[in-house]
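Letters A, B and C mark the chains in the order given here, with residues in each chain numbered from 1 onward.
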């Protein structure tokens, strides 16, 4: 069943912009990205929007729908009340390029700073022997599709541009967690992530977990375990003493 | 990495959206409810702590005042002299101690809850508005998170967890002795027994579902496969951990209700064989 | 001439999917100054859509598996039209390439012994696909991306290459533009690796994204290279059919590999009615035998649901045409009644998620509705099997854009391994070529840059009024209806005529706005490639007068082993840009490999 849908889309660029209303015909079963494509094909051919797979697998079509960071391809129209316009704005945390497209290079810079996976001396070359239970925690984090919604929603940088230098963000905290939990990784990045990547700036308010389209438990399974691991090497006197004595780290 | 992927970022502006949030749902509701309940608890607990009487009615003792630390603890139980039989009585403070002993006890559960990962989320949102809700701008100009004093002290959470375990053991003991009559005979079961039992259970669930607990029992291991028993324990704690929020609230509310119940009984407001 | 942004490299890789990144890593490690240029952000390439796994005969679960069996399966799945040498290299090198990913941090699902687990897939005799749940492509691209970043390879994101530049016959560079600003950029390089993927965006029901506009195929043609067997298009048997917005979206073959079966509206497991002679000996003919196979592969034959994709797609098509389809015009894919909810959620998490989120269907309780969707092009740039070099000196191609490897039909799981094996070979050989050239580097001719820029900017002042979105849609309709799963001479004639009309109309394309991140303009430029490649497909499909793999002719339903079984259809551009077609003999495998193909099950 087709019906008229009004989209209120932010159009503009670095020099300014504003919300513009477009009314298109929408159908049952469609998602916000479909409606945006109708606008593009019928009313505004030059409207900038990123998208690729349209199936929630690539993480390209991130935007803020009615103020909430989401993937437009997973935002079903049936979940919005008919008759009310749907507002779509670009990710707020990153500089705008045009319309719904933002400059997300911040994230790629943070990615470059991650010291890569380094196999242990025990098993230096693949094929490795690793038990399924040992890889499962890291596998959860590798589900990340890098849509940057967690980075966008995180108030540490969303509300404070000046923290961007010192803060890698939730996506990369789970990357560090992934490597720290990798059963065959030799590097210890715990102090690095606390002292240099801004783990301490996180106040675990969990918005990253709320927006994750992959439903990764970013806070409970990634950030908090990392914080606890950091306590082991930085703040817990008993463990520090044991480590100094050469006790095993379990 | 070379230039193309990572152009030195010239300061580029964000989209000029204006409004602080475009959320159309009632995003303020959850933080408001949390703030209300937390505040109500703090107000109640403060009154209860400084009231310094009506906290004991054999065999029930208020969790705020357990263990008994002052020499005159049993005197709080009006009309009964069997108090020693029934409650753990660690007389570390003499009759000279005049202010409420609950202050000394409550430091630990208070510290535990203050540094708890779940409560941190809640009070940072509800009280400090940092942020009030996801994608809603916070009012502060600067933000340093948990990187410096005093918030860096959040890292001692695990020590409060250990202390919490000790208190849980004591409150469990209280719940067990609540199966005795005020004269010390086994077989009593009153509403108060159930109240104390539920209280101890919820506190255990809250403690065992704690993130630090999860880390300590197995989370810090690199190879679960080499520690099968700890892996099992980690699995159980992980399951509980997904309900940490529910346990945090229910145990908080119940501990206040437990104190209230003991208080009502001890003050004689409610009475009867069933209490 | 205006000043353009210029960069100098030894090797430029176009495309940042699996093959592009693997090529870049190889070229970089061989010492070449290397850049990757891609239309999207890094990590978003179509490889992330791959779900099932990477086929590699590691023998972790079935010690009897080895490269010879994999080679045989690949060739038979491709209806023996594969380039035998590519199939051989692929089968031999795939395990090494998978282990390499593990070395770089990939975390595959494990066997009980802690080795990489392998899963069953259509056309593979043994459980052979290294996988991570059903998101293997994501694992692969992330691993390669992280490796690329670690090595410090330059990546030009959201940058589209519009033309290859030549100095005489040799590659001299590439012309592209930044999508963000619309500004042009010239890459000066003696070696280009095409890794641009496929062409599926020219069909209406497709599992492919907007990027799949056949850029590499078109760039290669215009640079003087040849395309091979473009008539072979794989329609994946299981795409979503409802809701309309996700029509065509892939439903992984792993659903069938893990026990899912196909049923029609009467509840019948209809695949038993469609077992072709060619696969009779190795396919179960009773439900009982088929069900036993999952646990005992030695003594039972595989279920017909796991026949190669072309067979299954045609069978589904026939059932729907016969009126035994599902309410939304597909058939039922049922795993709910055959496996426990826990098993389904563990093995197929993203399918569970996809149906729940997009169709509100709980696949642990209800069957899915599925139908064929355009998925992959077997045809592509004709390359030398060992070096991935095209006919043009300095031009290499790897992955979906290259032809020959998969013959008339690709087996599931062979794509990811293809990307790795030939991506690496292309990168290494391109680097070697660039270093051999030494000081005699080719020069990008200024005139060609000027012409390229002028062509690219034409839509801004064509004076016409054609909407690029409209033209794209008409092309998709034409290819879907007239050059789809089942083909007929007259319909393809009509398709060609439509394509020519659209080519004519696209000279009058009009775009709004300016060059800055303008999707209308970007599409207008992609259309040029889509139309050229569509023409190549239609011509090749009309020429091959037989049915085989991903090419089914209603008017020539038989497979012709004597003539067409020994011929490749080759497409090139004649002078003046006309598409020209010729036949070429298929290379024959040496006797020891030919003998493998005849091996009984």
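Convention: a residue touches a chain if its C-beta (ideal position, glycine included) is under 8 Å from a C-beta of that chain, and two chains touch if they have at least 3 such contacts.
Please read all numbers here as calculations on a predicted model, not as lab measurements.
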Closest chain to global C-alpha mean, per-chain Cα centroids: A
Centroid-based (C-alpha) most distant chain relative to chain A: B
Computed distance of Cα centres, chain B from chain A, in Å: 31
Separation of chain A from chain C, taking each centre as the mean of its C-alpha atoms, in whole Å: 28
Approximate Å spacing (C-alpha centroids) for the pair chain B, chain C: 57
In chain C, residues with contacts to at least two other chains: 42, 149, 157
For chain A, residues contacting two or more additional chains: 103, 108, 112, 131
Touching two or more other chains - residues of chain B: 1, 5
Contacting residues of chain C [partner chain A, same complex]: 40-44, 46, 48-49, 58, 99-100, 102-105, 107-110, 113-117, 132-133, 135, 138-139, 142, 146-147, 149-150, 157, 180, 209-211, 242-246, 249-250, 350, 353-354, 357-359, 467-470, 473, 511-514, 516-521
In the complex, chain B residues that touch chain A: 1, 5-7, 9, 12-17, 21-25, 117, 120-121, 124-125, 130-131, 134-135, 137-138, 140, 142-147, 151-152, 155-158, 211-212, 214-215, 219-225, 227, 231, 241-242
Chain C partner contacts - residues on chain A that touch it in the complex: 13, 27-31, 33-34, 40-41, 44-60, 74, 76, 97-99, 101, 103-104, 108, 111-112, 114, 116-117, 119, 125-132, 135, 138-139, 142-146, 179, 182, 185, 215
Chain B partner contacts - residues on chain A that touch it in the complex: 10, 12, 14, 16-18, 64, 66-69, 84, 87, 89-90, 92-96, 102-103, 105-106, 108-109, 112, 131, 133-134, 153, 155-156, 158-160, 162-163, 181, 183, 198, 200-207, 210-211, 219-220, 224-225, 227-232, 234-236, 249-250
